[in-house]
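Working notes for the structure below.
The first chain written gets the first letter, and so on, giving A, B, C, D, E and F; residue counts start at 1 in each chain.
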Amino acid sequence: MKSIVTFGELLLSLSSPGHSRLVQAEDFTARYTGAETNTAVLLSQFGVQAHVVSKVPTHEIGQACINTLRRFGVHTEHIVRGGDRLGLLFMEHGASQRPTKVIYDRDPSSFRQIRPDECDWDSIFAGKDWFHFSGIVPALGNDVLDTLTIGIASAKRHGLKISCDCNYRGKLWSRELAGQVLTPLIEQVDVLICGKDDPTRIFGTQPEQEITDQAGFERMADTARKRFNLESIAMTFRDPISASRNGYSAILCHGGNAFRSRRYEIQIVDRVGTGDAFAGGLLFGLVSGFEPQRTIDFAVATACLKHSIPGDFNLISREEVEQLLAGDASGHVQR
Amino acid sequence: MKSIVTFGELLLSLSSPGHSRLVQAEDFTARYTGAETNTAVLLSQFGVQAHVVSKVPTHEIGQACINTLRRFGVHTEHIVRGGDRLGLLFMEHGASQRPTKVIYDRDPSSFRQIRPDECDWDSIFAGKDWFHFSGIVPALGNDVLDTLTIGIASAKRHGLKISCDCNYRGKLWSRELAGQVLTPLIEQVDVLICGKDDPTRIFGTQPEQEITDQAGFERMADTARKRFNLESIAMTFRDPISASRNGYSAILCHGGNAFRSRRYEIQIVDRVGTGDAFAGGLLFGLVSGFEPQRTIDFAVATACLKHSIPGDFNLISREEVEQLLAGDASGHVQR
Amino acid sequence: MKSIVTFGELLLSLSSPGHSRLVQAEDFTARYTGAETNTAVLLSQFGVQAHVVSKVPTHEIGQACINTLRRFGVHTEHIVRGGDRLGLLFMEHGASQRPTKVIYDRDPSSFRQIRPDECDWDSIFAGKDWFHFSGIVPALGNDVLDTLTIGIASAKRHGLKISCDCNYRGKLWSRELAGQVLTPLIEQVDVLICGKDDPTRIFGTQPEQEITDQAGFERMADTARKRFNLESIAMTFRDPISASRNGYSAILCHGGNAFRSRRYEIQIVDRVGTGDAFAGGLLFGLVSGFEPQRTIDFAVATACLKHSIPGDFNLISREEVEQLLAGDASGHVQR
Amino acid sequence: MKSIVTFGELLLSLSSPGHSRLVQAEDFTARYTGAETNTAVLLSQFGVQAHVVSKVPTHEIGQACINTLRRFGVHTEHIVRGGDRLGLLFMEHGASQRPTKVIYDRDPSSFRQIRPDECDWDSIFAGKDWFHFSGIVPALGNDVLDTLTIGIASAKRHGLKISCDCNYRGKLWSRELAGQVLTPLIEQVDVLICGKDDPTRIFGTQPEQEITDQAGFERMADTARKRFNLESIAMTFRDPISASRNGYSAILCHGGNAFRSRRYEIQIVDRVGTGDAFAGGLLFGLVSGFEPQRTIDFAVATACLKHSIPGDFNLISREEVEQLLAGDASGHVQR
Amino acid sequence: MKSIVTFGELLLSLSSPGHSRLVQAEDFTARYTGAETNTAVLLSQFGVQAHVVSKVPTHEIGQACINTLRRFGVHTEHIVRGGDRLGLLFMEHGASQRPTKVIYDRDPSSFRQIRPDECDWDSIFAGKDWFHFSGIVPALGNDVLDTLTIGIASAKRHGLKISCDCNYRGKLWSRELAGQVLTPLIEQVDVLICGKDDPTRIFGTQPEQEITDQAGFERMADTARKRFNLESIAMTFRDPISASRNGYSAILCHGGNAFRSRRYEIQIVDRVGTGDAFAGGLLFGLVSGFEPQRTIDFAVATACLKHSIPGDFNLISREEVEQLLAGDASGHVQR
Amino acid sequence: MKSIVTFGELLLSLSSPGHSRLVQAEDFTARYTGAETNTAVLLSQFGVQAHVVSKVPTHEIGQACINTLRRFGVHTEHIVRGGDRLGLLFMEHGASQRPTKVIYDRDPSSFRQIRPDECDWDSIFAGKDWFHFSGIVPALGNDVLDTLTIGIASAKRHGLKISCDCNYRGKLWSRELAGQVLTPLIEQVDVLICGKDDPTRIFGTQPEQEITDQAGFERMADTARKRFNLESIAMTFRDPISASRNGYSAILCHGGNAFRSRRYEIQIVDRVGTGDAFAGGLLFGLVSGFEPQRTIDFAVATACLKHSIPGDFNLISREEVEQLLAGDASGHVQR
């Protein structure tokens, strides 16, 4: 069994029911989430041994967070307990022309108070295969950044592959700062996941010529791949028809070639966590040694299915992804 | 801050959950509603001082109704307390080919028992800018009609602009009676809101020639505008693809010109109250002194967003309407 | 008033709420269901006297099942009480590219333990007009099959029309076994309902030439009609765009002619039970003496409306079907 | 199987969840109720054939009311359909020192609009054993009173026993009017159920001496029994420790003797409908030919159990009452 | 109409449903609360004009908090908008031997970031009658303490009566620090509310002799009254039989005399907010000019009723308190 | 950290909400349970390493069961996957005089289909401290009994302490059969837990003289202890005042001495699982090396707290038990 380690913040997500607005809510649905952890939960459903490194308070809300991860098979023994509070977010689900809205209340969180000496990276990484983090992590303060930096060095020493999902959050930092902080980190990763505008807007990668078609994005992705000396770079394309309907596809650039997935047109149940699901599907393909075409197809089918599941976790099995890849997108009742 | 006064019945709306039918309901979602009040609630979200004039019972259900209006910032001090009961409606939400259904249980209500001497219109209107009512009001009996008539005269004396939303309800009266009763009232209003068939079917305004395109509706609207000596007339167009999907647009005829909005294709969460939302968006544009084109665009964007919100109130901010007008109809997650 | 008798298993359906997955469920929505019973419930809404013959345990869960049928007007006095347990199914509702999934837990059920001497078919059928069962029944064991066989003979003696809905369930038996067991039964029925692939896959009816259009299906249906000496055969066509959207239409072959319905494009609320709804609409047309074209139109409109109603029962009235047939598929609010 | 006919109004009960107040409610629990109907539902659980005579509207809410009665085995074919609306009540459940509160919204109801010619009493009563109504019925208007009066005469002609539960409601009429209207009706009944203060306060039965103990109530009950020429009179005693805890007992005066039940101390889940449950238990004993002591014991145990069940219906079996009578009041888990 | 101003923090309370534990919660009930605000809400139900001074964020959660206060009639125009976040608390309701548990997550809150210049106390207090705060306020940091100190001085200048509810919270500060900070504030108030141990434990008021009966507490309360030069001091006595049942009573020392309330034995629905309810009942008596005995009786009956209502707000009317005072603690159904 | 292994069936528990009856349920609360597993979950909360050995189906319901155990920290890697179905039970919660009722639907379950070769007991027990099972296990068929018998032998070889909770279920087998099958098993255990009537009714242990006081039970327990050569025997005493209120205490006989706990009077939230909680508290005391008096006190306090928690799991911490033991049974709010 392959094993992966993720590092990132854990949050309590409080969402108003159905499509109601936050000002209408008398009850909040409580879920525990985190970009990297969502990826870890999915990989656990796929049969990968997934370890989460994070920090949560000692009280019952921190415990409830850990319990949720354990429920879905994630290994939680490297989660540090302590600090003041679990970061929070309030969320309402949009529909049609109304966008989904998120209000963060994440500072000061236990995770931001993590200290490098609280993570024994060398013992965490011993015998593991892969290390994954997202671009949110280094935005959460110097203690977090220091801990990550030490972790990346340790992972390299232990021979793990390393991946990063850009995951730019405008509410956390500017594009300039993000580019500046992320660049030295990404130079050490093997696999980068980003959106189609990230190379230009965050890393300043200028396309050689104006991008007018998908081939242009492929060229730009490959430029970024070379610049950061990456093994692979994956880029996702979302076609936001409305808050209720999206087109979705992706490419994987690997070894100088670009592999395109099919495009799904999706009726959205819950769009949150679909990027983390893409990362999970991609890492599963890579860690399992799939061919690049099969890898990107698998990643996109995985992300596609997430859109149909309420909550941030992508609770699907590998068999369900394979079934969609085999062509059954019809939603026939299985009986 | 601009101020508006609305006059109309308040009702308790009891709806079966989700898409379930009334005969399946073990619980009803309880909401308080009323065409004019829905408009007032929206205007209050936009920062307008909104006053509701109505009558509800003294008991806890009447109080709960008032509390709901206060919750969303509406001024309730001119709501008369007394009478026998709050009018009711039972509702189930349709989907696909099944229409939304409403069962009214509104007679005898406290509002129908209102007496002209219970509303001190002159003190209510002092210092206010706008008076709004709908075509439902005069259908609710002679006491209500008398009270409205005296109110309109007082509003005119105090220099308020007056608007009426036709809102024809076949379950309350015939088209003939509606036309007969509404005509002298509308002759006193400044702004009329109606559906595309109302001029012909209620007021007997015959189009000069068969209407084959939108320009024909614009000519007919302008004919009605002249006939009633209106400042403006707004007409909405709903393209009912199914109970789950609608096209929606409108025109505003003002000063001899017709201004057309864009057309939105909408995935429906809750269609009830969208007409009241249109009225609210329109009145906000007019009371704020927007240009006619911006006014009708604002009104249609306001109504469009209402379709995505459960309940009869359009709980959106002016900023959210402006964002949609600025072109972001994609439903991107905001974070 | 016309009367119908159905025979089939009753099950407790436990579904996870909304679009959530079974592994997410903390609560299950409890419903009682059964293919033939769903048809009976619908016919009862249409004003037909509907009797269910089945067997359920004596305990409270068996009683709750009977209570549910009584609630919707079905006659339950011929339901045998006894045996060990009520069959169960767990269900989650799919969306977009994720299919709806059903897990059966139906063995050993009270119904499978029914003995032929527990059903006094002659007294049950006295004065009744129609007998209906589905292809699920003979898959449930020899006791059930014996009871059905005796029932069919009795129904024939009493001059009832007999109908069968193929309803092939791959989780219960192989296509070969199904074809073998069903053939002698269907030779005795008057009306057969099946999907477009059933004649070939279950009964081995080879189309004369490759089917490339609907006319081909009509020829194959007529071949099956002749082979089994049926009065009518109805065939449904589902176009599975996704788990959220389907096209739906059907044909009725009767007296050598094929009658085609219109095709509805449907936004799905709950797809389960739509086949049973089609059967109910069809039987209503036949038992009411509708013309073939009106019969198939009525059946398809009935099934179309079912897709908008949560749960396995099609809780609609004849008037609502007629309204859809009259062309109002727009979902206008009725008020 | 014994059979009973009840006559009374049916209402929609809308209650706020748990112990919340009406002004807090965002949802109402919807139940259908009626004093006499609650008794009929209970008798149906006990295996008595129970028929309800009433009038409800033709729309879906009227149908939902009928469906609820059918669900619990009550015969509804004598319920007239028509009239304007179903009477309503809003309810909140008290606790500790806060009383349960009911707001009625019952006028004008379909039942109040019943006309004597709408009930074919002679065919309704043919072959039946018992007729039951409550003192609420004659308070609901002259049409209702006329219909009841004709019904009583018909019941007498057909040899049914007749019972009346006083059920005085101060919100409907004064004690004086109640006494005046009820007296000629009660003179025709065989069994009267009342609270300990009803003889004095409604019928003006003065106790011979001040009542200082239960024997005094027994003497007064017997006086009332003689005055109205009753076969039996039952009187209930509630000791209202708080809204959460009550003592409960009763007496039955029959043939000059008084039979006392034991007293239960009850932790209250839902107190509403307990009087109707007492009536049901009493009528079951009488119609089954129980001895007087067993009859009153059975009635009180039946009412005791109702306090533990949410909703107005007493959904218990005869076996459960017998088990409590046999001494198992301990609430041991049964497994 | 009398008017009151309260000053204190507003919090979002997230509680697990029913008696479930926080680690079991999949949903949280969302309520907005605050010790002083709970008192203001109650006074508003009693017809007092209640103004809340506080600070909440500009986002939707801050708005939802304000909406909740408006819903129940509180004046919110003096609530400052801004700062980072609304303080939070997580709560689970205990039962029997298991205590209710609260986890605070209140730092850094918008209220703690309030600056003295954000409250225009002089204009707030103009024409008002009473100022109320609790001992929680000065524990929330220097900015809050400064703002309060300036407020007290302003209230004194405008001739308002001032009251303080001790409300010691061990999770916020030590008893020593509390005593030190509170002493100079309480020297300026007119009315002090405290628990029976507060004089000794916080203010170091040593009883002259060991307290063995209620008279001892009365003497100690009077000592405290004199020391702080108070007009009145009220002291509450809770007899914690279990988390489900409490005894409750209080005394009021005024003008050298002690007035004792009756003691209620209470079945608890929700114990949170009962102290704030006592304060509200007491202030209502004082501001209304009740006699001391009636004041303390009214306050205790008010607090008693709160125990039966879910949530932190005491949503009762003055009539309901009077009814309990008049002796009806029986919880009879009102109909 | 100490470690324990439990062996027993896992079931899906479906309960009607609140105090509603099964025939009222439209939704079931879904929980996963099992006598021995409930004990394991509690021990995990106390910090013991708890392993469950059982068998559940491979489908999603089996997975959901495992997920629930993982959520609360139980080790599930020794749970065999396979077999036909998860056993079920339907439950309604009683109140006052109405008992809690359980309907089992547990045959044929995956656990009953377990084969001895599916449990590698030797590797399971390596390095573990304790083995626990209940008297339900051997009632579930020969395969289960064989597996248990081999397990006990293995546990003895590996030097584990063994405990058994009698847990007699009359719906599974007769007392005679239970006694006959259990005797040879209990002869091999170290610790036995039973109710006060079990020694006589199951094992035929006749008290030397009629038991008139607790000392009599202590003598009988000691007799049983000697007969089975037990290290300790614990006996629980439940005083069933009503389904809402119980007295609860226990004794522990060890080394010829009897240790009595205090008696708690408990207001019941959920009584199910309290026996399993007692076992968990007892085993924790024994495995932690507590003195006998402290052990029985700890076990009874643990069981007492379970009564306040909904669901079958006792989700409390060791600190909370210690707090109750330290005398705080008052349910004071902790803040």
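One rule holds for everything that comes next: a contact is a pair of C-beta atoms (placed from the backbone, for glycine too) under 8 Å apart; a residue touches a chain by one contact, two chains touch by 3 or more.
Since we're looking at a predicted model, the values are computed, not measured.
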Original post:
In how few steps can one go from subunit A to subunit D if every step must land on a touching chain?
Top reply: 2
**OP:** Averaging only over C-alpha atoms, locate the centres of subunit A and subunit F and give their separation in whole Å.
**Re:** 42
**OP:** Please set out, as single numbers or ranges, the residues of subunit C touching at least two other chains.
**Re:** 21, 23, 26, 67, 101
**OP:** By the touch definition up top, name every chain pair that qualifies.
**Re:** A-B, A-C, A-E, A-F, B-C, B-D, B-E, C-D, C-F, D-E, D-F, E-F
**OP:** Flag every residue of subunit E that touches subunit B in the complex, lowest number first.
**Re:** 67-68, 70-73
Original post:
Can you list the subunit E residues touching subunit A in their complex?
Top reply: 14, 21-23, 25-30, 59-61, 63-64, 67, 84-86, 88, 90, 92, 101, 103, 105, 107-108
Original post:
subunit C touches which residues of subunit A in the complex?
Top reply: 264, 266-269, 301, 304-305, 307-311, 315-316, 320, 324, 328-335
**OP:** State the interface residues of subunit E toward subunit F in the complex, per the touch definition above.
**Re:** 18-21, 23-24, 94-102, 104, 169-171, 240-245, 271-272
